[in-house]
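Below: the structure, in structure tokens.
Labels run A, B, C and D following the written order; every chain starts at residue 1.
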Amino acid sequence: MAVVSNRMIRPDVGRVWFRSRALARQARPGQFLHLRVPDANAAILRRPFSIHDVVGDRIAILYRVVGDGTRALSALSAGAPVDVIGPLGIPFRVMPSRPPLVVAGGIGIAPLQFLLRRMTARGLHPRLLYGCLTRSALLPHLAVTRAVTTDDGSCGGRGLVTAALAREIGRRPGAAVYACGPWPMLRETARLCRERGVPCQVSLEARMACGVGACQGCAVKGTAGYLTACHDGPVFDARTIDWDQGVAV
Amino acid sequence: MAVVSNRMIRPDVGRVWFRSRALARQARPGQFLHLRVPDANAAILRRPFSIHDVVGDRIAILYRVVGDGTRALSALSAGAPVDVIGPLGIPFRVMPSRPPLVVAGGIGIAPLQFLLRRMTARGLHPRLLYGCLTRSALLPHLAVTRAVTTDDGSCGGRGLVTAALAREIGRRPGAAVYACGPWPMLRETARLCRERGVPCQVSLEARMACGVGACQGCAVKGTAGYLTACHDGPVFDARTIDWDQGVAV
Amino acid sequence: MAARRDAIDLSVSFAGLRLKNPVIAASGTFGYGTEYRGLAAAFGAIVTKTVTAAPRAGNAPPRLCETRSGMLNSIGLANVGIEAFLRDKLPALAGCGTVVIANIAGNDVAEYGALARRLDDAPGVAAIEVNISCPNVKQGGAAFGADPAAAAAVTRAVKRATALPVIVKLSPNVSDIAPVARAVAAAGADALSLINTLFGMRIDIERRRPSLGNVTGGLSGPAIMPVALYHVHRACRAVGIPVIGLGGIATAADAVEFMLAGAAAVQIGTATFVDPAAVRSVARGIAGYCRRQGLSRAAEITGGLRC
Amino acid sequence: MAARRDAIDLSVSFAGLRLKNPVIAASGTFGYGTEYRGLAAAFGAIVTKTVTAAPRAGNAPPRLCETRSGMLNSIGLANVGIEAFLRDKLPALAGCGTVVIANIAGNDVAEYGALARRLDDAPGVAAIEVNISCPNVKQGGAAFGADPAAAAAVTRAVKRATALPVIVKLSPNVSDIAPVARAVAAAGADALSLINTLFGMRIDIERRRPSLGNVTGGLSGPAIMPVALYHVHRACRAVGIPVIGLGGIATAADAVEFMLAGAAAVQIGTATFVDPAAVRSVARGIAGYCRRQGLSRAAEITGGLRC
């Protein structure tokens, strides 16, 4: 698979497009790619990234530079070959009969862009609730009806995106929630949804080795024992997750 | 120190020029640079390379690609910063009153180019005996009086450079020999010189860690105990070396 | 050219097993053999994830952490337990295209025996690998592997319980592996495999907490390869039974080093995470090495070290 | 800003020593302190190459070999011997700008004692590090480090022979470092340092020969860092005396991990080969970490791990 383009769209966030007809055809929103980034300072493991978007035979990931692997990723230029396993994992299950509420926190927008695109293509009218710390952290996303919130009020409503969600759930009876973002945001989202009886799917992260369910390394505590983020997830029904676990990836 | 240019001059041999006024000023023929090549597949140690040439404030090394480090070196492009320690080690001691016979085998030409240049600058008239396996392995070097030999006779005389040396020694009474090349060539050179009472200096190789005499890792067996290639050498009086040691770097 | 390529015989036979090539999938890195779809057949054999008598949930996350040229894991033998293994996992391996070795661990000697007995007539199991070297569990695990007498006791119990070939997997966390290797061989093991992971740890300095939920873990990957080779070299000199070498193998050259030191076959674990196709490049590279060295069979590499 | 930078106190005090910063040059990687010209003063202390009673030529070459994120060495304690050390090497260190720790190894307990006695009143020696963990020599070396009783005997002999602070350097090639650490502490050691190198080996597959002249060697460098941290963590829990952590430290973050685990100071070895300026970036980075964490003294990092 080769890089088509790779650009920083924020000082610490890049988007890379690859060309791969096979991947583009198979990919479903919520799934991820397991990437090998060469020369990442003796870091040997692959890195998982949600599929951010698919257009034609091109497939994108949106990445935040947090360490050696993502730094090496940001250095890839057009034409560079990339070793990818995927698409992997359980995708979002779109519930066509329910008005979709899509909740993103920060870089959590990554998998939701693709989800929004597919929902729109199916004639659904998703509403995006997008929360960020501040204006400059907002990332580009599809033009759908949306409410932006920033913790500091520098753009859109001031406050947490979960506060916006609490309001929206009331306004959209029978809605289904699809969420990705930091753990506290997801926990609160799950709590709200459970309280209001709204189905809720979340995309979770965990450190991964194999990415295919072979190593049990990416365990996430579920209500009925451990689940693997790569094989049982990364998208989970929020009710199957133990939201009280201390999480540190 | 930054790369000025880096070009393959044979399929497996490259020459890189760096700019460094300080190094260029200090360097003496036979000394080496200890280079850190980044991202060489988790190879952490520096790589030693003889100083191949110095022109103005530029300093060159000639390298044969044999592994990850030299492969990474061959990928450096102009402007790339390189982390260098040097110049290190004991240089050749030019004996101005003796006609110089310079004996090179293959990539062993690397340090001798710089030696030839300095000898010529001092008004000496070195004669270069340069042996290679075959025509295509010959490397560019200064235009001095020379005799080329190839093992297969595809260029110059046919046979080993040491055979040419045996003839030349007879023709140049009072000569001094300066040699670099594979161990068997150096051993035979040393034997010939000892037999004929000709002073002989050789440049030796050994795997190195520190490069400054601190680790005792680059031991070479001398007639009176171990010597360090980095600190007691890399240039040695041939009589101080135990030529019967099995050598494998 | 094609003729010469075909001429290399990659198969190896030892301890009553015949493998089509000497590259085996290491326990715990290849699940129950079906997770990497279609890949099992590329291996000479696969070793399934350690099974225990009762199912185990495993340790608290995070269970993984990267290190330079390596990784730490503290999975804690998470597995479905022997009954679910026999019922659900083993049947799924029928027709997987390679030899299946089942790996077991018990809390005590008797449990090792019981597990072996349960596997003895299980269809499709060609051999048993006995894990006495897991660094991530309190009971059993590496404690058995560090004590020659305990290691021998486990070996005897397993040998009594099964007619299958028994491979005992040793721990590198010892000052000398030779006494353990000898004790296990004397107790009747058909082969040894080594090494399991090295004890290791990392700390998240910003949070001031261990990087792993279980505090410590097992180190694997290229970083440990020289340590593994050292122990394999010693074990091969200590015993007459076949030794399977593993620990950090990522390339064919690595695999050949283990075979030259005396290994009859090799396993790869972490390398599969990095590149699922590693098994193919390692097997191909072993053939290439044979060609360069003028050998016609991979088995001829074994023990070829001159020192 | 400048004021805040000045505010971090990097000095550490333990075992009667006061170092201006917690980064020490590891024995065998910094020669006799003068080879890296002018660099000694950047360290909180330097440990000189192990000296023995008689001069030692060292092992047959090749003595070095690279591994992924690490290196093997089989130097074999090549050194000038105690008399030449006292006569030639120690005087050259006068005014080197840092604390000098002399490292010793004996063939037997008595020789350790004799070496310590010879160093006791040597000018400029601030402490003695006792190497009971060299993997590359037949006598002495790692055999002492693997046996709690032998380690304690060496410690007692050295303590009796000198009033200088005694640091005992332990081997990681044990199944549990805690009993050795406890025995050495009980025998009166003022501090421990760990780890020395791990046993390791590589093979040159084309020549079918060991990569090292001595066949096996000691593994150091970033590859071993998680193993070192594991042992340091265990040793710190086992004893009350100060522990100096080392093994694979290449960055300030690595050093902080060891200190959080309980190390009072750290040593760097292989990192100096890779980058002689590593001592500076590690010391600077420790100060940066203190600033981020709101600490005013590097010593406050020690033991800060929450687990």
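Just so we're on the same page, a contact is a pair of C-beta atoms (placed from the backbone, for glycine too) under 8 Å apart; a residue touches a chain by one contact, two chains touch by 3 or more.
A quick note: this is a predicted structure, and the numbers were derived from the prediction, not measured.
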item: Top chain pair, ranked by number of contacting C-beta pairs; value: C-D
item: Chain whose Cα centroid lies at the greatest distance from that of chain A; value: B
item: Inter-centroid spacing, chain B versus chain A (mean Cα positions, whole Å); value: 56
item: Inter-centroid spacing, chain D versus chain C (mean Cα positions, whole Å); value: 34
item: Whole-Å gap between the CA centroids of chain A and chain C; value: 36
item: Whole-Å separation of chain centres (CA-atom averages), chain B against chain C; value: 46
item: Where chain C touches two or more other chains at once, by residue number; value: 68-70, 209, 222
item: Contacts with 2+ other chains: residues of chain A; value: 41-42
item: Footprint of chain B on chain C - complex, ascending; value: 68-69, 222
item: Chain C contact footprint on chain D (complex, rising order); value: 67-70, 72, 142, 146, 171, 173-176, 198-203, 205-206, 208-210, 215-216, 219, 222-227, 229-231, 233, 248, 250, 253, 256-257, 260-261, 289, 292, 304-307
item: Contacting residues of chain D [partner chain B, same complex]; value: 28-31, 35-36, 49, 57-58, 61-66, 68-71, 73, 75, 78, 204, 207, 209, 221-222, 270, 272-276
item: Touching residues (chain side chain A, partner chain D) in the complex; value: 42
item: Chain B to chain D touching residues, read off their complex; value: 36, 41-46, 83, 85, 206-221, 225-226, 231, 245, 247-249
